[in-house]
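Chain IDs A, B and C follow the sequence of writing; residue 1 opens each chain.
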């Protein structure tokens, strides 16, 4: 048993220093699809996407809904002058309409957008800024998102150093990570789990399936995204989202990222304490 | 059907007096047409001859023409896919239009066929005689408790669908007297997303993305099986370089999956350093895959006809990475097997008799851990595996330790195959994808060895667009065996046995 | 005081006759009689009065008296309180005439046994008690299981009676007198004393649940009619009195092996009793085995007392006897209360087993309170009386270094270890018994359960038990005064150092202040509650349903069973417990789990003995051919044998 100690110390430190230091994706990594040219496009272009992510935005310009994009690359192959893959880990957003690229302008046009998201957890309860308990629930994913969420606790990412802990009981959980567009038999368990969690709580929809139902959305057996059932705080699209994207999403849900970036900016500007606003 | 088409089909291995007319399908497939009345008898004779049940499906047929071509476009009916001595047998019972086929129930005497049959019954495609199902499969009710053990000392615990830890949703009903597990009832189908029907109307290029997302942790294997089904239906052979890239990614996927199982077993045994070590190895494999194809799960690589792109890193750095991985893995696995607190938990837990596994027609490490040497890469070699021989790893004990041992040895074998494939890739060829014929039709089976076992896909194409697809997932067949794995095990062994099976509910539920 | 005693006995004798009028009248008379037993008992114990009731010698075998000295006074008081409570509970609930009459009869016979000054009177009372107990235990003749248990109770009690008869016969042979006073002053050899010890221990031990004759208790409690079990607990007093009287007072200094045997039997009985109790799922049987355990603990104290007398260490004997007496008092009160509460629970809910109960503390508050206090006392939780007596037993056992014999010291040490084990397992067992009946969510019975009013008996006994701990010094004073005649000195002077502080008769060895504990512990609890209240303003409590992995199943249907709670104990000790479990297939994928716990004594002693007896009676039955000619032949043979034997014996 003692022989495991040298085995454990063998590789030294492999843990990333994210978010203090940036984490770069490998070259060629398919992080998200970028719209290069958003001029109005013919209808056949929209038919290329298997999940219907390509559509017309508010002003009839080309828009890509990253919440529906499964990163298959059909659009990139069909129209490389309009679409390109971007190597980027951080894909999380706090509002559904922030997932639509390019950024939509008039909020009034998006009538079906949900109300302004709640403030991050860290602002709602002070003790939750450094200690968050996370509970995961699977509502119909394909199994890959679970691997990526499990990877958050491996030595490479080690999310415990940031104060995130995994818990089995929803009563002790602050954040619920939901994967999979919600299938009918799992809807009631999801609602039960959410109801059991105490305020303040946050919900993260991890994966394209959770954001919009993914490929299964058209089959009618899936609710079409977690936000059809429960209010979502952070959307993390991706098929599946890599661990750094999930980490980014968690930090956004907790509000640490803004605070840290505010502190970093303040330090860069030479001020002693950043102004705590909003 | 002409005699000439039969000449190339060896039929000597079939049992006598089958009462079925053999037809040739795609290479390696043998179709036996029977009437619905003799369907059950034929399957029974074949099972006695040693056939292994794969799946039961309903073919679409399209229009009512009956012209068995060299690739077998067959009419609407019920098909039982069986594997016998390296051939894929399809027992085909045609049915009149729009009526469920009436035939003698297979599930009554073949445990392996129960769930597949029940699915067809619930979809209204089959009406087996003598079929009795205790509870519906589709739309499971999580709050319903079915008791199988009576007695004052027994109580039932529903475990799932929201389980402790980061796991997929499936429910187990555990009946126990306190410590001893008396009975376990497995209830899948919580995650039924209806992906089989999603294929309809898609062209093969886009449909492969659906195939990748059926079981996300085995994307490459399912995509390979689907691509192979389409290629065999249309008579297309992918170029050798594509086959090598497919084999390489499939082996990397197997590595990641087996390392994941071992990390989970170490975590359950509270051996956290070992868990961390194996998680590091798995993360290295995932990052390697991301560097090779841009996706940590190998998605977007396989396409019917070949692969989309070659690897993003050269063979030399890849070989170095594999060598480093192997060195670390060897030491870690040796240390793991020497840790008594770990092996004590696995030895004797979840024992499966060979005969039970045969009756359930299990596949994958579950079957190989009980002494059955079943491996799709060896039985019906496909792709690069025809050139690189595969050693089938078997253990006899049938307990969780045997299944873990199978995986440890398969990791070594996968590394060897990966290196052999990489060697041939270095003598590079340019062609990566063969074009598919335009607006073609056909139907065939395709298969691949996923980390959990053999996955078989049936694809029907009409005018270049997919019409009917059926997936025979290894997880579904193996989940039916899970409840028999509890002999005199206690509740705390549950996690060990479950992880040693290494199955995905997403693949089973589709 | 003699007049009060006479009145008490008269009331108890009248009670069965009143049963023909109405059960309530009978119970009332019994309650009055028992209550009237208390003043003479207290007077005898505290003030050394000696109330005496002469009944004349009209039965032959010497004069019959009901005398009341210090030792009997303690037991009269105990019987009076427990009997009054049992009679009150019978009064409150509709009871059959036979049961009420039997209750009164039993109280009278127990009083007779305790007050007997004559061996014949003792035997008369004892045999009458046996018949009463048999009638109580086999009241339900429709259930063959219960009938068999009633027979078992009766046969074991008869065995004890036979041993008592043999002991009395031996004593008569040696002293030619049937008076207890004569026996106390007789000069008996060590062998005779040993034999008498064995016989009387067997006799009285079978009543209180001493191994290996303990079977009568679980069987009797389980088989007893509706109020019968609480009367069986009242009858325990007679058995303990017999042990005290004979082993300590009458037989005087016994050989040392007697004390050692008592220690061994006591330790084994205590451990076996509580371990079997923990695995039972029926409350009645559970309390039966608990009696076995507590009898074992009382025997530990008695064993130390006997050892002390053997080695002429009167202070040690006093320590042991104090512990044992306090234990008997606490146990009898608690057991009677527990059985009364169990009876009420059964009446209200219609269920016997723990499996279908649960969550009844709101609907049955008095019963829950009564069973709670009784469970806490029996599980020896401070500051209640059960804890005081167990502490004193521990301290008595720890005095082993004063005994010169190595074997005795070793046995005392092992007995102390066994006592500690019973403490732990006892907590497990009583937590199971109480919580599965009264706490958590109801598993079966629900709507029709209603508390019976009034509940005077329960409240009376509960108050007595709660006071037993707080007022322990006064209890010790009473016991000391009562045992003064037996031991020769008043141990209360040595045991109570400070007005409220107890010690195990040996000064400066150890101290315990139960009165202070009774004040301080509740104050701690109140203080903790106050702190929680004050600091908890910011944190609100939120009620949420039980988490069942999101399945939505009803919590009642997936709850732990009582047998699952004690399953680890059953599995770990499956050898000694005789635990068997088997899955029997029912076809169509369904199974049935059959489990059984077989008491070792039952398997190795009772069953072979029973089969032997049945075989012997089968043989004897062949003699009962039913033919007159055979019977005449037997008479001729008997006459011939007698004619031959008489000149030989002369």
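Quick notes
Convention: a contact is a pair of C-beta atoms (placed from the backbone, for glycine too) under 8 Å apart; a residue touches a chain by one contact, two chains touch by 3 or more.
Owing to the predicted nature of the structure, the values given are computational and were not obtained by experimental measurement.
Closest to the protein's overall CA centre, chain by chain, comes B.
Taking each chain's centre as the mean of its CA atoms, C is the chain most distant from chain B. With centres set at the average Cα position, the gap from chain A to chain C is 69 Å.
Work out the mean CA point of chain A and of chain B, and you get 31 Å between them.
For chain B, residues touching at least two other chains, in rising order: 142, 161-162, 164. Multi-chain contact residues, meaning those touching two or more other chains, occur in chain A at positions 137, 170, 188-189, 193. Shared contact sites, meaning residues of chain C that touch two or more other chains, fall at 550-552. Note for the complex: chain B touches chain A at residues 139-142, 161-162, 164-169, 189-195, 197-198, 202, 205-206, 209-210, 213-217, 219, 260, 271, 273-274, 276-277, 279-280, 282-283, 286-287, 290-291, 293-297, 299-300, 308, 312, 328, 331-332, 335, 338-339, 341, 504-507. Chain contact summary for the complex, chain A toward chain B: residues 1, 3-5, 7-8, 10-11, 14, 25-30, 50, 70-74, 85, 136-151, 154-156, 166, 168, 170, 180-181, 183-186, 188-189, 193, 214-216, 218-222, 239-240, 242. Those residues of chain B whose C-beta lies close enough to touch chain C in the complex are 134, 142-145, 148-164, 171, 176-180, 182-183. Contacts from chain C toward chain A in the complex involve residues 542, 544-545, 547, 550-552.
Interface residues of chain C facing chain B in the complex, by the touch rule stated above, are 281, 353, 355, 548-554, 557-561, 563-565, 567-568, 570-571, 581, 583, 586, 589-595.
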